[in-house]
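Here it is: the structure, laid out below.
We just call them A, B, C, D and E in the order they show up, numbering each chain from 1.
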Amino acid sequence: AEEVVIGAIYPMSGNAAPIGNDAKAALEATAELINGTHPPIPMLMGNGGGLPALGGAKIRVVMADHQNDPQKARAEAERLITQEKVPVLIGSYTSATAATISQVAERYEVPYISMDNSSPSLHRRGLKWYFRTSPHDEMFTEAMFDFFRDIGKKTGRPVKSVALIYEDSIFGVDSSNVQRKLAQEAGIRVAAEVKYRANSPSLSTEAQRLKAAGADVVMPTSYTNDAILMLRAMNEIGYHPRAIMAQAAGFQEPDFIKASGALAEGVFSRSSYAGDAVKARPAIPAVNAAYRARSGKDLNDNTARQVTSLQVLADAINRAGAANPAAIRKALTETAVPGVQLIVPWKGVRFDESGQNVEATPVIQQITSGVYRTVYPFDIASVEAQWNVGG
Amino acid sequence: MGLIYALVAAGLSLIFGLMDVVNFAHGELLMLAMYAAFVLWELSGVDPLLLLPVVALLLFGVGMTLYRGLIARALSVQFNRGMVQIFVTFGLAIFLRGLAQFAFGGEFHSITSGVVAGRTLAVGEVFLPLPQVAASLVCLAAFGALLLINRTEFGRALEATREDREAVALIGIDRDRIFALGWGLGAAAVGIAGVMLATFYYVSPNVGANFALIAYVTVALGGFGSLAGALVAGLLIGQVEALTALLLEPSLKQVGMFAIYLVVLTVRPRGLLGRI
Amino acid sequence: MLRLRDVSASYRGLKALQGVELDVAKGEVVAVVGANRAGKSTLLKAIAGQVATSGEIAFEGQDLRKLRAHEVARLGIGLVPEGRRLFPRLSVEDNLRLGAYAKRGDPDRFRPLELVFSLFPRLQERLRQRAETLSGGEQQMLAIGRALMTQPRLLMLDEPSQGIMPRLVDDILAAVGRIRALGMTVLLVEQRLAEALEIADRAYVLQTGRVVMAGPARDIAADAAVRRAYLGL
Amino acid sequence: MDNAILRRRRAELLGGVIVLAALAVLPLPIGDVYTRNLIIITLLFAGLAQAWNILGGYCGQISLGHALYFGLGAYASTLLFVRLGVPPVFGMVVGGAVGGLGALLVGWPCFRLSGHYYAIATVVVGEIGWLLFLNWDFVGGATGVYVPFQGESWLALQFRTAKLPYHYVALGFLALTWIAAWVIEGSRWGFSWRAVKDDVTAARSLGVRIFPSKMAAAAISGFFTGMGGAIYAQYVGYIDPDSVMAGTLSILIPLPAVLGGVGTLWGPLLGAALLIPLSELSRSYLGGSGRGVDLMLYGALIVLVALARPQGLVSLLGRRGGGDDARAA
Amino acid sequence: MPALLEVRELSKSFGGVAANVDISFDVGQGEILGLIGPNGAGKTSLFNSISGEVTPDRGEIRLEGVRVSGLGPVACAARGIARTFQVVRSFDSMTVLENVMVGAFARARRTRAAMALAEETIDFCGLTGRIDRPAWSLSPPEKRRLEVARALATGPRLLLLDEMLTGLTPTEAQAGVQLVRDVQARGVTIIMVEHVMEVVLPLVSRAVVLNLGRVLTIGSPAEIVRNPEVIRAYLGEKYAPAA
């Protein structure tokens, strides 16, 4: 049968290259599951054999490198559309590149599925061709504060103050804005706000400030390198916060856990993926195995979202019955997938007017013995949260 | 931190002084040193501090080889030597980054064992992270050694070679040998800084860039060709950085140190201790 | 001691020397004279290994063309180049001491300092000063001094009197005599023909890269054509 | 009166017109959007490199902070458009003016410095600008500024998918910088600047005013760079400090000029014509491997060209462009 | 002869070295003045002060009665003081014509006019055959001529020549002497530093002799060569019998 080519734009070189490499593995593994022959996996498009409505057409993902440069992201988007003739774009991890890819998609009238970009500003620009399967930072942050509230009730040790530390990028600033707002609404004091220079040679002074603030929970928003550095810097000055609640990103990276070792123990992070929720999401082992075969790693927050997005997209193309942009768009708007068909612990997938998936509900995880375990919502938690606040 | 800056800068300063040009691949030498430390540590499990001489030697070799293979050629061009050097080293930097990515992947690594790893020295209220303390001591020692070397006749020959690379032949000095040694020494200094840095900093293909700019600023602030200047400037910059982060916004701490640099340069256009 | 056969040199295709034949015997003072651009400086540079050449250049039987410039210097060939080529930002003292760099380990290596200071007392007064701030003449003295510090067996001087005050010109040329008495051989390029030919044993006349005349200095000085062409008489 | 200089200048002008005309028809037979994009970016960077060349090549002040002027221009025109609705066609000129002004402000302290001190100071100033914009909320901070698409318009320089208009905008920009360089080469300014580059002391003794010369060169260079930034912003539709002010851009701007030949009319264009397509293609076709092969290739290429053609690719064209074969070490 | 340049009690020292001490003398309109003295006597330093390159510590310099000391090289050039350098400084990336045009632009705003001026000056200095050669390829004597041409192109009233004739064979020096005379004939006043007495003495009307930064004596060539102090400090015994 014929092929449906999907254009994925990721950072394949430069600082964020590891992300791109993982994405490549995740997307290819997923495509294989969708195309190949294997025992049915209990998930959306989990039966293999390609897209039935298109005569078993296979999907193929072509990767393009944006080097985290908006101009290059734009050029690659155009190239994929005009040269590779892709009917749909996916990507792109960083917000700045998503901004230009979405613009190209809009002008060429091709759907763009933003799989792992979490900046809330992205879906608020009245774009018609923009879809985001993943939760955005506001949703993530809401989950954090919900968790604070519920665990406080449960243990009788509520969070009274938080300290925000975030990098000076679009990601960090957006995240901190929501955190500040939600903290206020929840009546939690913001004891310190530390905006720091991304990729600094040292974060000692920043750690010092956090220590001085002495808040119940430190809430960092950082990419991998700074995440590693931050934990070390805090350790070096003998600061061990009672809880760390991370805005995923760097803190979710396997590299982070590997490089930080024991220091990472007990760190909380929001996540849109719960690898341990096998009971609620039965497809996880099979998909994880497929990904592991390619990358040697387990699925994580980013890669799971990529897998999910590709599933959703494949399903939409299948329902569209044709690999043409307008049809795919229409099918996407009509998407309604229940959570159990996914590998992520969301309620499901349903896009609103702005293209945002409103049923993407995140979880909170904690690093226990070197791996992330889901601790919230309590109904899908695999372990009890280690909660030191107020204790 | 200041001492590490100073040592990274000292290596740069040597090379700078020598070939009289910005070595844009300097940060990448640091990156190589860190990877060397990491890989050796992973293979042998030996304490990173014991790897110091090995890595220093390795980087010495790398420095020599780079000079002989590339820089000597860049120096021998007739036209627009300054720019050629800038861009040869810049191209080299990009190449080395690509190479690191190719060889080690883009992942972040770090050294997690060793005598000093992750320990903290608590002196009353003040916490001194052991890796940094060790790094500072080692850097200081390395610095002393460099300063001594610079005072020898070899140091003088190095200066003379910078001044007039053709005329030194008249007094029987082999400029390629001197330059190669100088590059080796500069790289070895970076090697030492790299090992010490690796005990508390992560390693990745792009790690050099974070330090390179600071190294340039340190060298310029201290004055080109002045090792003592690099030391003073490194310490100063470390302090200013910490102060800005403490008193103003942490995200502006580099602005603080850059501003100091600009102010000093308007008053002393040749840096704190510079002569050139 | 020094023997050149059929030596040619060029700068990017521009011929500067063509088939030069020249000999210097041990202990001699040999002068090379000629108009501007005749190739005199190029000749000295060719011997010192600073320009590419073809032909044969032998020093005490050793082929210099195989050696690199610094190796030629280490053999004992010193050159005071045109344009001095000092190390401008180094002190006078460092400039002089570096002259003995190749002889590291030799306890006597700084001995020529005495000779240098006796020739140019001014240098002794200015030991700490940076070479670039010396006056033109002082720089010339330093260049000669530096070359002497290498303790050469063959000293090549390219217009040593350039920019030197009249009183000292005589001194320098007299110094050439003293240098020779110390056992050094001298190859001298000089614009002041009359003076140069006075102290030289033999002389060569260069013209557009070729040797057009060679012989005892006295004969050359007396040659009518030379006098007309170079002395303006 | 006729002499070598005048003859050469006439030939260059003729050559310029021919090349520009050729570039004007170049995209017509090319339907492929990606290639057209490549050409546009190449033209833009050729123009930017020429703008840098005015300060770095002719006046000899090696600035490694041009991203600042680029960013200033990009921000000025974009903010004017987004906030006040000023059409980018005018914003471009304002952007240039802001860039030029920025260059003057930077020049004021930095031109006291010489050699590497100057180069590093410009790096630092560029870095400061980038950090400030990153933290300055009024200009969008790290979030950047998004240029909404408001329909096709020449005034706004917005076109849905058409590439041709942008091609002519970029070509116009290149033509402008090229002609500026040509005029400067033959003018009193050009002579003064080149004298400043070669020997400051001698230039001064001939009555060349050093500081004003450098400032004038900086202003013109900054102006065109800012204008280039404005065009970039409108073309890409989104700017943030990382993409229009980062340090790497400060290297990418002069790189074509250096590889092509500094202080020459043709160097920047030649350099850009080689460099930009090469880096784009290597990224597109090798970057997907994620293993850094493209970077290795790109880096090695820069090293090779710089070593093999130290006087720039123009030297392949024989003797041209400002007597550059005379550019001794 | 009305004085074009007046130097009054000028002093300049560098660190501990007193390069010029209390120097006073006048230069008449249209004169060729010799400036001689031992190496390191302060001749080049004095030129640097007059051309504005350095600011004297004390004393003043007046050109046609107007104070010029401390104004800087650009202002001095604009007032008609031009110089050559002891260590030649050419714009090596430019051709001979372009080099000289830089000087010519001091007088002519427009390129064509500057070019015409430069061409004329180059002819005058005998560099016609080299007009399109890059400056770096010239021989040292040619470079000195180039310096003269460049300085002349600015249309100076006072020209300072620092050892312009060194390194020439006597024959070539004769041509240089002729050039200096021709320049004088154009109404340019000249101060020249030179160590080759055979060349300077016939050329100058008077000479200022510096020694250890001070004026040793000022006088006509004939007086100078007879002065025992000058002979002792500068000329050497060879000149004594000539007295």
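Quick note on the criterion: a residue touches a chain if its C-beta (ideal position, glycine included) is under 8 Å from a C-beta of that chain, and two chains touch if they have at least 3 such contacts.
For reference, the UniProt names are B, D = Branched-chain amino acid ABC transporter permease; C, E = ABC transporter ATP-binding protein.
Please read all numbers here as calculations on a predicted model, not as lab measurements.
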item	value
For chain B and chain D, chains touching each	A
Required minimum of steps from chain C to chain D, each step between chains that touch	2
Given chain B and chain E, the chains that contact each of them	C, D
Top-ranked pair of chains - ranking by C-beta pairs in contact	B-D
Most widely separated chain from chain E, with each centre as the mean of CA atoms	A
Chain located farthest away, centre of chain D as origin (C-alpha)	C
Approximate Å spacing (C-alpha centroids) for the pair chain B, chain C	42
Centroid spacing, where centroids are CA-atom means, of chain A and chain E in whole angstrom	77
Chain A and chain B: spacing of chain centres that average the CA atoms, whole Å	37
Two or more partner chains touched - positions in chain A	13, 17, 21, 168, 195, 197
Interface hub residues of chain C, defined as touching at least two other chains	none
For chain E, residues contacting two or more additional chains	none
Set of all touching chain pairs, with the criterion as stated earlier	A-B, A-D, B-C, B-D, C-E, D-E
Of chain D, residues touching chain E in the complex	1, 3-6, 186-188, 191-192, 194-195, 197-199, 201-210, 263, 322-328
Residues on chain D engaged by chain B in the complex (per definition of touch)	62, 109, 112-114, 116-117, 119-121, 123-125, 127-128, 131-132, 134-135, 247, 251, 255, 258-259, 262, 290-304, 306-307, 310-312, 327-329
Complex contacts: residues of chain B adjacent to chain A	1, 5, 98, 101, 105-110, 112, 118, 120, 122, 127, 129, 131-132, 200-202, 204-207, 209-211, 214, 241-242, 245-246, 249-254
Of chain E, residues touching chain D in the complex	51, 53, 72-74, 77-78, 82-83, 85, 89-95, 97-98, 101-103, 105-106, 109-112, 114-116, 119, 131-132, 134-137, 150-151, 154
Chain B-touching residues of chain C, taken from the complex the two chains share	48-50, 68-74, 78-79, 81, 85-90, 94-95, 97-99, 101-102, 104, 146-147, 149-150
